[in-house]
Amino acid sequence: MQLGMIGLGRMGGNIVRRLLRGGHTAVVFDQNPEAVAALVEAGAVGASSLEDLVSKLEVPRAAWVMLPAGAITEQAVQTLSGLMQAGDCVIDGGNSFYGDDVRRGLALKEKGLHYVDVGTSGGVWGLERGYCMMIGGDTETVDRLDPIFKTLAPGVGDIPKTPNREGRDPRAEQGYIHAGPTGAGHFVKMVHNGIEYGLMQAYAEGFDILRHANAQELPAERRFDLNMGDIAEVWRRGSVVSSWLLDLTAQALAGDEQLTDFSGYVEDSGEGRWTINAAVEEGVPATVLSAALYRRFRSREHASYADKLLSAMRKGFGGHQEPKG
Amino acid sequence: MQLGMIGLGRMGGNIVRRLLRGGHTAVVFDQNPEAVAALVEAGAVGASSLEDLVSKLEVPRAAWVMLPAGAITEQAVQTLSGLMQAGDCVIDGGNSFYGDDVRRGLALKEKGLHYVDVGTSGGVWGLERGYCMMIGGDTETVDRLDPIFKTLAPGVGDIPKTPNREGRDPRAEQGYIHAGPTGAGHFVKMVHNGIEYGLMQAYAEGFDILRHANAQELPAERRFDLNMGDIAEVWRRGSVVSSWLLDLTAQALAGDEQLTDFSGYVEDSGEGRWTINAAVEEGVPATVLSAALYRRFRSREHASYADKLLSAMRKGFGGHQEPKG
Amino acid sequence: MQLGMIGLGRMGGNIVRRLLRGGHTAVVFDQNPEAVAALVEAGAVGASSLEDLVSKLEVPRAAWVMLPAGAITEQAVQTLSGLMQAGDCVIDGGNSFYGDDVRRGLALKEKGLHYVDVGTSGGVWGLERGYCMMIGGDTETVDRLDPIFKTLAPGVGDIPKTPNREGRDPRAEQGYIHAGPTGAGHFVKMVHNGIEYGLMQAYAEGFDILRHANAQELPAERRFDLNMGDIAEVWRRGSVVSSWLLDLTAQALAGDEQLTDFSGYVEDSGEGRWTINAAVEEGVPATVLSAALYRRFRSREHASYADKLLSAMRKGFGGHQEPKG
Amino acid sequence: MQLGMIGLGRMGGNIVRRLLRGGHTAVVFDQNPEAVAALVEAGAVGASSLEDLVSKLEVPRAAWVMLPAGAITEQAVQTLSGLMQAGDCVIDGGNSFYGDDVRRGLALKEKGLHYVDVGTSGGVWGLERGYCMMIGGDTETVDRLDPIFKTLAPGVGDIPKTPNREGRDPRAEQGYIHAGPTGAGHFVKMVHNGIEYGLMQAYAEGFDILRHANAQELPAERRFDLNMGDIAEVWRRGSVVSSWLLDLTAQALAGDEQLTDFSGYVEDSGEGRWTINAAVEEGVPATVLSAALYRRFRSREHASYADKLLSAMRKGFGGHQEPKG
């Protein structure tokens, strides 16, 4: 079927490419004409503006917005909803806050438009592996878009089948789900990223302990000079901690066990923060997920005010000046 | 080659079976004669005592102890070392504390005996998938035992090859490593389990947030009634959080999304605790791994004294009695 | 000076009493006529409705709302602002979310009204000890209300003077501050409560460790049967951890060291949650404050879904059923 | 009564001074002759060696060791016990690990010697405020030394009496307790310090949130430029978070709100670590106390390996290079 795509960065461009390979057609737009040209060459129909894109889409239209979350996506959705007509559909495939989806979905519904939010995981690997998708929206629209999702999804592949899934939604095995009403897709994707932070931090701490196993302050007979790369590699086979993140860890450590290319400064994105807010709102103790987020915050600080205050108190009751670090 | 096995529980028994299938021979002993008989039927040579076992092993002997860590393993290693002669080797394949390995290794070394510690991951799945092994000991002995380890390991299988591993130890790709001197095997395995706790807790918290997404206290338009089983299943395909633990989660949730068979009481084993002690000794901030361990401690408490004290303080400054939960 | 008080619960009633004792006058209203009557007896002027209260206040009016945060306070502020005239002032002395203050302050400003938010600490002890107040609002209005704040505040008392405070705002030593513009008062109070959670949890964990020092699993020679009440008492004198919360702890433990009156179910209020949201928004790692909040969430759960999922995974890879707790 | 003091640093010297002022006598020794001379001038009897000190003490002797914990204290206790005779007593007033006390106590008991461990809090303020003491040892010896403890303790002072303490040990109100058998004193002191870490971190995080309340990324109308010093000061009066640590915080912030003298590098001592080990051994969830310790570990790291690994994984699945911090 036909899809309009707004935003042809790495994610949007590859989604279009995977759709074209799968026999679908696409009308594409991006602020950058070169991005449009590249996909026209791959078989898409180019558009010079949102108006142009909307005019080139068949009714009922389906337009996928793949832009940075926040003001830019908001603007695009607003403009599109002004150009579209009842029965058309806007899909937000970016990393939007699910609360924004809920709000936008209600606003579009008043105009007879449909709003579908798609949380996608898979990043740069999606073109090759397929995109894992968590979808929110009304059932009719999500079902109508099913050919698109089916093509984008990884498919069953050679991953072992989970027993006892007879009678359950077969789409999950294909790599996509209709999670619930508008907002549910990004909500599930948000929690996915929250978990991701926790998993990453668990590995990071484990390797940190392994790496410091030869610290000078340890008794000599209990000091170990361990090989990080070999450990990551061996755990990929038959161990309980095997995972795709471990595969990536093994790859990074095979290249450079010292990780000298990295400064130790770690970004976080909205999803990790929203996950904590959701947990707090629900009253769910998200101990590990919060701790993981905070370690990223901390990684970006030098000479933290909190730490200085600890030293000031220590000086107050102990009379000693903390050494300079 | 030939191996002696002491302890024929689920782990020890299956290790012997995998060795026999791989063309090795085994002399086996267990307190339970039926366990011995079962393996004799599978092709092993039975022994009626540790003395009998030692007498049936060819020199230089290799005897693998697969018993509960602590006093029972200690006793078996002591007895074996008294029966063996210089050049022989004791292998501790259980879940021993690495500090005990270091101590025992030094003691056996004085008698000319070798001590090898093997941390294994794979549990009940090992017979089928192979055992992921982390080995500590002197190079000569570990090399001599290589045929055993090679057979027990999962092998390369169809797991994608990690780039840039040329020139690195090829055993890691087979699923076993010589981690370092005595104690290093169990040290690496210990951290493996510490990471495992962190990973598990990250998933557990994420699904907890998902499950409470329809809590009554949330605004109605942001309440979602999500399908835990489908979410776990979809994340297995192309998502960043895919892992073996997620596979197991999907299996459990496919069977019963309510998890009604479980009480919420969660055990912990020594490795998780020792990992925290090691982190504290090294001065490594193991935020997430500690938090994961503590959640298990907490799962086993009812009416915690710490929580009661919070209520007592609240009553002190707020004048109100906490409601009964 | 004269103050209107809406809400004559424990807090509102005692605030009026302290003002009357200090020579001020008050017009009071509550849904419960008995509460009004009690304060009329103490010297206040009673009002039968908000309209009546507003009519009995001298211009420029000052009306203090001391009601549960959320919808009830919102309603009262809205009604008052409809009854008042330019130059009048609404004071929210409850536990409102500072974001609500900011919003309400902007709305009232458009009508020429002033909005002052007052975070108060001291609870049931305020009548006797005075109220520690953190005030947000425009300088002119806060200054105009100063006689009220001065009377409510604890005053310098016999607390040792902090050196080097010459030239700093003298109100802080009296026990009240003008923290900043509208919202700043409740923001500071919110963080105060966030800290309170962390402090309480630190004591709770410490006493939990002390209480379990005679656990059966510890080696006999390192088991201690400690006296919680005596420990709390001794730390009140000359130790680094002495505090008012420790005083309350000592009182509770002097009464009943077992704390048998408490179920272990611990409530939390909005401030603790908002503090975490603020930290997440600011990118500040609030490790301990979050952990403290989560322990309260956890105290209210039985058979947590997160914990059940841990057991399900353990069964998956270890093959064993968790024992019932 | 008479006490021998070994180690005349800030702590040991001031303890002797407080004893002399209280009418006791002291024989003192230190590696540094000047330290001995200074106390001789204050009225103590000097000793030139441990042998000399022992010879100058009346039988039954009482010798207080006030040296750095670990090897130095171990050496002093060993030497003293070799010089002393049955009925004499060694007091370890330093920051020893309680497990070492238990071991040393058992060893000395075999020689008929007594061993008393005293955990002291109060630091540089002890001479003036008195020392809060937690004492472990056999009852007979602790009772015999009571005049010493009574003089060193802060006494009842003007701290409000805790209700319902009739019939409880009156020593707690004086500022010292007999916590239990050998080791119990340092155990209680250890947990005291663990709590101290948690309290300090709670304040540090709170002030960190306050300080970042004007962060540029916040919406303009919710940004507050708060005065740290005034906030600390106001909380000292009537608020729930008032404490001695808050007094010290107010002092530090009155001097320099920016805390520019401090690097943010924060030391930790043994007690904080041992507290975590004890909690892990007991199975007590010490969430906040561990988090507080780890924040100190983290304060001393630059470009943490754990953080680099997070970036490496992010690059692996997201394809982007983390910016340099």
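By letter and in written order, the chains are A, B, C and D; residue numbering begins at 1 in each of them.
By definition in this document, contacts are C-beta pairs under 8 Å (C-beta built on N, C-alpha and C of every residue); 3 or more make two chains touch, one makes a residue touch a chain.
Model, not experiment: these values are computed from the prediction.
Minimum number of contact steps separating subunit A from subunit C: 1. Across the assembly, the mean Cα position most removed from that of subunit B is the one of C.
Across the two candidate interfaces, A-D and B-D, the one carrying more C-beta contacts is A-D. Separating the centre of subunit A from that of subunit B, both taken as means of CA atoms, is a distance of 31 Å. Centroids built from CA atoms put subunit D at 47 Å from subunit A. Distance between subunit B and subunit D, defined via averaged C-alpha coordinates, is recorded as 38 Å. Residues of subunit A in contact with at least two other chains: 123, 125, 201, 203, 205, 208, 212, 240, 244-245, 251, 281, 283-287, 291, 294-295, 298, 300, 306, 317. Subunit B makes touch with subunit C in their complex at residues 10, 123-125, 200-201, 203-205, 207-208, 211-212, 244-245, 248-249, 251-253, 259, 261-267, 287, 291, 295-296, 298-300, 302-319, 321-325. Those residues of subunit C lying in contact with subunit A across their complex are 240, 273, 276-277, 280-281, 283-287, 290-291, 293-295, 297-298, 300-301, 306, 317.
For subunit D in complex with subunit C, the residues that touch the partner chain are 98-99, 102, 106, 121-123, 125-126, 129-134, 153-157, 159-160, 162-165, 168-169, 171-177, 179-181, 183-184, 187-188, 191-199, 201-203, 205-206, 208-210, 212-213, 215, 217-218, 221-222, 224-227, 229-231, 233-247, 250-251, 254-255, 275, 278-279, 281-289, 291-292, 294-295.
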